[in-house]
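After this come two complexes, each holding chain A, first together with chain B and then together with chain C.
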Partner chain A sequence: MRFLRPHTWAEALGAKAEFPDALPLMGGTDVMVDVNFGRARPNALLDLTAIPELRTWAPDGDALRVGAGVTYARLVSELADRLPALAAASRTVGSPQIRNRGTAGGNLGSASPAGDAHPPLLAGGAEVELESVRGARRVAVEEFFAGPKRSVLEPDELIAGFRARPATGPQYFAKVGTRNAMVIAVCSFALALRPGEGVGTGIGSAGPTPLRAYAAEEFLAGELADRWEKRDALPGPVIGEFAELVAGAARPIDDVRGTADYRAHVLRVLARRTLTWAWADHCEGGAGCA
Partner chain B sequence: MTTPRVGERTGRIGDSTARPDGTPKVTGAFAFSSDLYLTGMLWGVTVRAPHPRAEIHGVDVGPALAVRGVAAALTAEDVPGRAVYGLDVPDQPVLARDTVRYQGEPVALVAADHPETARRAAAEVAVDYTVLEPLTDPRRALDDGSPQLHPGGNLVRHVPIRRGDPQPTAEVVVTGEYTVGMQDQAFLGPESGLAVPAADGGVDLYIATQWLHVDRDQVAAALGLAPELVRLHLSGVGGAFGAREDLSMQIHACLLALRTGRPVKMVYSREESFFGHVHRHPAILRYEHGATREGRLVYVKAEILLDGGAYASTSQAVAGNAATHAAGPYEVPNAHVDVYALYTNNPPCGAMRGFGAVQACFGYESQMDRLAAACGLDPAEIRIRNAMREGSAAITGQVLDFPAPVAELVRRVRDRPLPPQRSTDLRAMPGGVGGTTHGEDVVRGVGYGVSIKNVCFSEGFDDFATARVRLEVTGGEPVATVFTAACEVGQGLVTVQEQVVRTELGVDRVMIAPADTSVGGAGSSSASRQTYMTTGAVRAACAKVRDRLAGRDPASLGDEVIDATVEWRHRPTSPLDPVTGQGFAHVQYAFAAHRAVVDVDLGLGLVKVVELATAQDVGKAVNPLAVAGQIHGGSAQGLGLALMEEIQVRDGEIVNPSFTDYLIPTVLDMPPMSLDVLELADPNAPYGVRGVGEPPTISSTPAIVAAVRAATGRNLNRVPVRPEHITAEGLSVEAGR
Partner chain C sequence: MRVELTVNGEPQVADDVWEGESLLYVLRERLGLPGAKNACEQGECGSCTVYLDGTVVCACLVAAGQAEGAEVVTVEGLADGDALDPVQRAFLDAGAVQCGFCTPGLVVAVHDLLARTPDPAEADVREALAGNLCRCTGYEHILAAVRLAAERGGEGRS
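So, the complex of A and B:
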C-alpha cells in the first residue's frame, strides 16, 4: 500500500490528481475502522494531517470558513458561540478520544446519513468547499449528499472545508440514541432560527441521506414573518404543524437501531421541543444556547 | 477497609487488596492471550458457514492451499480423534462435515504466515451448500412439521417441578407472559490462543479460558491424544462471564499446529467473537401466581422455553437452574413448573452470568409487582411477606440450612434515602448530551428486584477443586507457592489465594504459579464458585502444610520443602427427581436485592437510571474491594439487559455483530450505586463465603424494568426495553399534545 503524506494543500491536490483512488485520511476514525474490519483495502492512503491550512478557521466576509481538519473538540471549544448547533452536535460524537481526532470534514467525506455534523450544517445553510487541480467549487450541503455514504465528490477532489454564517438566532441540535454516550444516532434533528430571515432544518438518520425539511422551513418562516418582532408565544397548532411537516420530510426505514415509526415519532417530538426552546430563547432576546 | 497498594505483600482474609493486574489493564500494558507471539508462528483463520441451516456437499480447500504463504487448510476429514465436542453432550462438530446448524459454524481452517494471507486464503475455500429453511422459532421446535436438527429430536431437556397441591386455587391470581432477548457476554479480549507443537508429539496450548481441564479433555479427544500430551496454560484473560466455558479456537489451533509442526496463533476479531461463543438463552416465560388477599403466595405455575440454539452446550444445566429458581427467593407451598431447553438454528446458547436464573427472575419479579398491584400492596412489602429465610423449603423441597436474609435485604434497599430530584445538567437527563429534553415529559419511577442464585455446580455433579501449596525458605525468607488450575477471569481470584495462604500459614511472601494443567482440576470459574472452591482447596492444602510444619517457625525450615496437594469437595448435592423435580440440588444459594430509580422521557422512551441501591449477603467478604467491584459490574451487566444489550437475530442471522450496534452501558449510563454488603456466614462454606458474582446481574434487570413501569404505566413484558416499546403505547398521548 502506498502512503502519501503531502505537506501543502497544493501537493495534496496534486497527489489526488495523480492517484485518484488514494483514500484521504484525516482523523482516521472512519477510515481505520473500515481498514480494521476489512471493509476498505485502499491501494493508497493520502494522509492530510500534515497540511496546516486544513486545521484553521477564520471569518470570511459575513461567513465563517472552517477547514476540513478542525476537530470536534475544537468546534466545541472554539466555535460554540458562532456555530452553536454544530458545537452541540460535536459534543454528542463518540467519546473524548473520537472528538479529539474526528473532524467535520471527515464526517462529510463519509457522507453517512447518521453523521452528526450534517443536520446542523444543513440547518445553518452551510456550503462545502471542494477543490481539485482543476479548480475549486462550492456546493450547498443539501446538494453534497448523493445517497447513503455517497457524495458528489469527484475522484480527484478533496474537501477543503465548509462555509457557514455565524448564528444570528437560536440554534438547537438533538440526537436520540439508545444509550447516553458513544452512540450512533437513531434519529437527530437540528433547527436554526434566523430572526427576520427564515428558518433552517436538518434531519439525521431518517432517510438515505441527511435531509432538509423544506416544507417545514417554509411553513415556519411564513408563520414567523410577523412574529420575529412581536416575540409573543407561538400557538400550539403552529408548533404541531411544523412537527408534522418535519416528520413528513423524513424517509425512515426499519433497521437494527430503530423502526421507521419510532423515527418519525422522534422527529415530531424533537421538532416540537427544539422549536419551543428556540422560540423561548428568541423571545428572551438570547442568541441561542444549544 | 484498609487502603490497598499495588505490589503490597499483605492482605489476609477480609482485607481489601488491590488486583495486581488492575493498573496494567487500565493503562493498556496487560498482556492478553491475543498478544502471544513466537517467532516463526503461523496464523490460523476459521472458515464459517454463512447460512443458519444447510447441507454441505463438499469442501474444496485447493484454492486456499494455492495461495502463497498458506501452510495448511483443514476440513472435518482432518480431525484425527472424536469429531464432536460439548460440555454436557458432545453434539457439536469440531468442523461441520455434512450439516450446518447455525450461521457462523466453523467448516474449515487455514494457517498461513500472515493473518491477512490466512484471511484471504480462507475466502478462497469453496464450500458447496444446499441452503435449507432454518428452524428459528423455539415455540415450533417440538412441532411435528419442524425439521429434526439432531438425531434425538429438538428437546435438549425438560425439567418438571411438582410440589404440593396439583390443583391449587387462590383468592388473587395474576398471569403474565415475558420475553428475554439474547444477551452477549461482551467480554474484553476476544477468543485467542497459541498452540505450540511439542517434541513428544503432544501440544502446549496457551489460552484464555474459564476451565482448563475440561478444555484439555475435549481437545485431547478431538486430537486423538492422551490427555497428558495436551498441556493447557492460562494466558491473559480479559473477561469471560460464561462465554469461555465452551471451546472456541482451542481444538482448531492445535489441529493446525500438529499438522504444520509450527506454532499457530488464532485471534478472533470482535465481529467473529459474536459468532465464536455461546450467548445467554433467549426465553419465553409464562407465569401464573396465586396468592391470598394479604399477598401470601399460594402457588406458582410457570412454563419456560429456553432457546438453546444449534448445540446443547450447557442448556441442560441452564434448564435445571431456570426450573429450580422459577419461583424466586420466596416461600410458596405449591408449584408446577416446566422448563424446556430446545434446539433451533439460532446461535448456540449456553453459560452466561446468572445461568438460567436471570430469565426466571425477570418473570417472577414482574409477577411479584403485578401481585402487589392486585393486592394493593407496596412492591417491597409483598416481597418481604413472602421472603425465604433460613429453614424455608424451596420448590424443590430443599430446606435452606444457611442464612437467607431475603427480607432484610429488601428492607435495606427500601429504607435507603431516595436520590434528590433531577439536576438541570443535560448529562443527568434521559438522552444525556443528546440534548433531547430539558425536563419536559420526564417522569420518575422506583422499582425493586430480588434474586436467588445457586452457587457451585449442582444436581449431583462431582464438584471439586485441587490446590497444591509448597512452603520453603528462599533468600532467607519463607515463601509459599500456590499451584492450581483455577482461572482468573477478572473476578478476583488472583488476590484470594494469597489471602488464604497468609491467613493460614502466617507467611507474607506468597507466589501464585501460573494456572495450568500440571496440577489437578479446579473446575470452572463460573457458577459463582471459584472463590468458594479454590479457597476451600487452598485452605485444606495449607492445613496439611501446617500439620507437617508441626508448630515450627517456617523461617527455620532450612532446605526442607513442604509440599501438599488437596482435592477438595463441597458437600454433595443430588439429582432432581425426574418426575417431581424434588431434591437437594444446590449446595448454597446467594441473594441480592436492588432498588432502581429511573427517569424516563415519556415522549421519546429514553431512560436514565438515576440510582441503583443494592444489598447482598456475601457470607464473608474475602476481599471487600473485589466484592464491591463484582456488585458494580454485575449490576451494570443487568442494566445492559434491561435497557440495551441484545443480539438481534433475524431468520437465524445475527444482524448486529459489533460494538457499533450491540450496545453495552457506558460510564454515563451507569448511575452511582449504594452498596450494603451483609456477611452472614454459611456454616457449610470455607470462611462462611457465599458466591458473589452472579446475584447482582440477576436482580438489577427486573428492578430497572419495574422502575420504568412505575414511571410510565407501561406493561413492558420484554427485555431489553427499547425506546419504541415505551413510546408505542404512548404515541396517541404524545401526538395529541
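So, the complex of A and C:
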C-alpha cells in the first residue's frame, strides 16, 4: 500500500490521475473503519488533510462555497446562521470526536443513503464541485448519487467542495434513531423554506439514495405562493397533504433499523413537524399565525 | 514508512509503519504509550481519545500518516510525573473509575470539555461525553467527577 500526502490541490489531482485506484482519505471516519476491519485494502491511500484549500469556505457570488474538508464541528460553529439545516444535521453526527474529523465531503464520498449531510444539501439546492486534471464540473446534489453508496464521481476525480445559497428563510433537519448520539438515521428529513420563491426537501435513509420529494415541494410552493406575505396559519389539510406527498416520494425498504412502513410513518411525522416549526418561524412577527 | 510527530511535547519518530496503520497503533505499539486504549477500532467507544493539534479525536480513526508533523497529546501528557491533572484527581475522588478501561479516553474528553466550557451545564456534559462508552460505572460517578472537576475550577489544569 502507498500513502500519498499531497500538500496542494493541484498535486492531489495529479496523484488521483496517476493512481485512479487510490482511496481518498479525509477525516477517515468511514475509511479507517474499513481499513481497521480489513474490508478496505486499497493500493494507495490519498490523504487530503494536508491541503489547505479544502479546509476553507467563502461567499462566492450569491452562493457559499464550502471546501470538502470542512469538518462537521466547523459547519456547526461557523455556518449555523447561513446553512442552518446542514448545521443541525452536523450536530447529530456521531460524537464530538467524530465531528472533529468527519466532513461533508467525506459524507458525499461515501454516498450512503443514510448520510446526514445529504438531506440538507438536497433541500438547500446545493451543487457538488468535482474536479480532475481534465477539468472541473458542478453536479446538482440530486444527480450526484447513483445508487446505494455509489456516486457519479469518476475514478480520476475528487470532490473539491459544494456550493449552496445561504438560507433566505427557515430551515430544519430532523432525524429518528435509537439514541440521541452515535446513530445512523432510521429515517431523516430536511426542509428549507425560501420565502417568495419556493421550498426544498431532502429525504434520508428511505430509498437507494437520498431523495428529494418533488411533488411535495411543488404542492407546498403552490400553497404558500400567496401566504408568504399574509403569514397566516397553514390549514391542517395542507400540512397533512404535504406529509403524505413526502412519504409517497420515499422508496424505503425493510432492514435491521426499521421496516418500510415505519419509515413512511416517520417521514409523515417529520414532514409535518418540520413544516410546522418552519412556518411558525416564518410567521414570527407576522399577524395571525398559529 | 516513517512518521515523525510530536507526542506530549516530545519529538517522536516511528519507523516501519504500515500505510494503513492507525495513530492509535503507533502510540501504543511503537511509541510505548498504552494510555489510549484500543477497544472497538471503529470510533464508537472513545477509549482511544487523544488531542490531535488541539482537538479531541478517536486515534483509531486517524491514519498514522495523517499525524505526520502533528502535535498529539495523550492521557500520559496531561500531567507531569506522578502529579495528577485535576480531571484525573476528580475521577479518583468521585469513584468514577472501576475497571479503568474507558478512563483515559474519558479523562481526555473531559479535559477538553472543561478547557472550552469551564462551567458546563448537565446537557453540555452529556453531549461532550456522548462518544465515550463505559461498561462499568453506569455513568453517574463519571458525571459527578466532571462536576467536581468543574467546581474545583481551573487551578492547576493544563
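The definition used in the following text is that the second predicted complex is superposed on the first by the 284 of 290 C-alpha atoms of A that agree within 3 Å, B and C clash if a C-alpha of one lies under 4 Å from a C-alpha of the other, contacts with A are read in each partner's own complex, and residues count from 1 in each chain.
Operating definition for what follows: contacts are C-beta pairs under 8 Å (C-beta built on N, C-alpha and C of every residue); 3 or more make two chains touch, one makes a residue touch a chain.
For clarity, every value in this text was computed on a predicted model and none was experimentally measured.
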Superposed partners chain B and chain C on chain A - clash or fit | clash
With the two structures laid over each other on chain A, which partner does A:F37 touch: chain B (first), chain C (second), both, or neither?
-> both
For A:H282, is the partner it touches chain B (first), chain C (second), both, or none of the two (neither)?
-> neither
Of the two partner chains, chain B (first) and chain C (second), which one does A:H118 touch, if any: first, second, both, or neither?
-> neither
Which of the two partners, first being chain B and second being chain C, lies in contact with A:N100: first, second, both, or neither?
-> second
Would you sort A:M1 into first (chain B), second (chain C), both or neither based on which partner it touches?
-> second
Of the two partner chains, chain B (first) and chain C (second), which one does A:R74 touch, if any: first, second, both, or neither?
-> neither
Would you sort A:L25 into first (chain B), second (chain C), both or neither based on which partner it touches?
-> second
Partner chain(s) touched by A:K16 [first = chain B, second = chain C, both, neither] = neither
After superposition on the shared chain, which partner residues are touched by A:M182: those of chain B (first), chain C (second), both, or neither?
-> both
Both chain B and chain C touch chain A; at which residues?
-> 37, 180-182
Partner chain A, residues of chain B touching it in the complex | 119, 269, 271, 427, 430-438, 440, 603-606, 608, 643-644, 648, 655-656, 658, 660-661, 663, 665-669, 722-724, 727-728, 731, 734-735, 737
In the complex, chain C residues that touch chain A | 1, 18-20, 22, 41-44, 46, 49, 55-58, 60-63, 65-66, 68, 109, 112, 127-128, 130-132
Residue numbers on chain A that touch chain C, as the complex places them = 1-3, 5, 25, 27-29, 32-33, 35-37, 41, 44-45, 47, 49, 73, 94-98, 100-101, 180-182
Within their complex, state which residues of chain A touch chain B.
-> 37-38, 88, 91-92, 172-184, 186, 188, 256-259, 261-262, 265-266, 268-270, 272-273, 277, 290
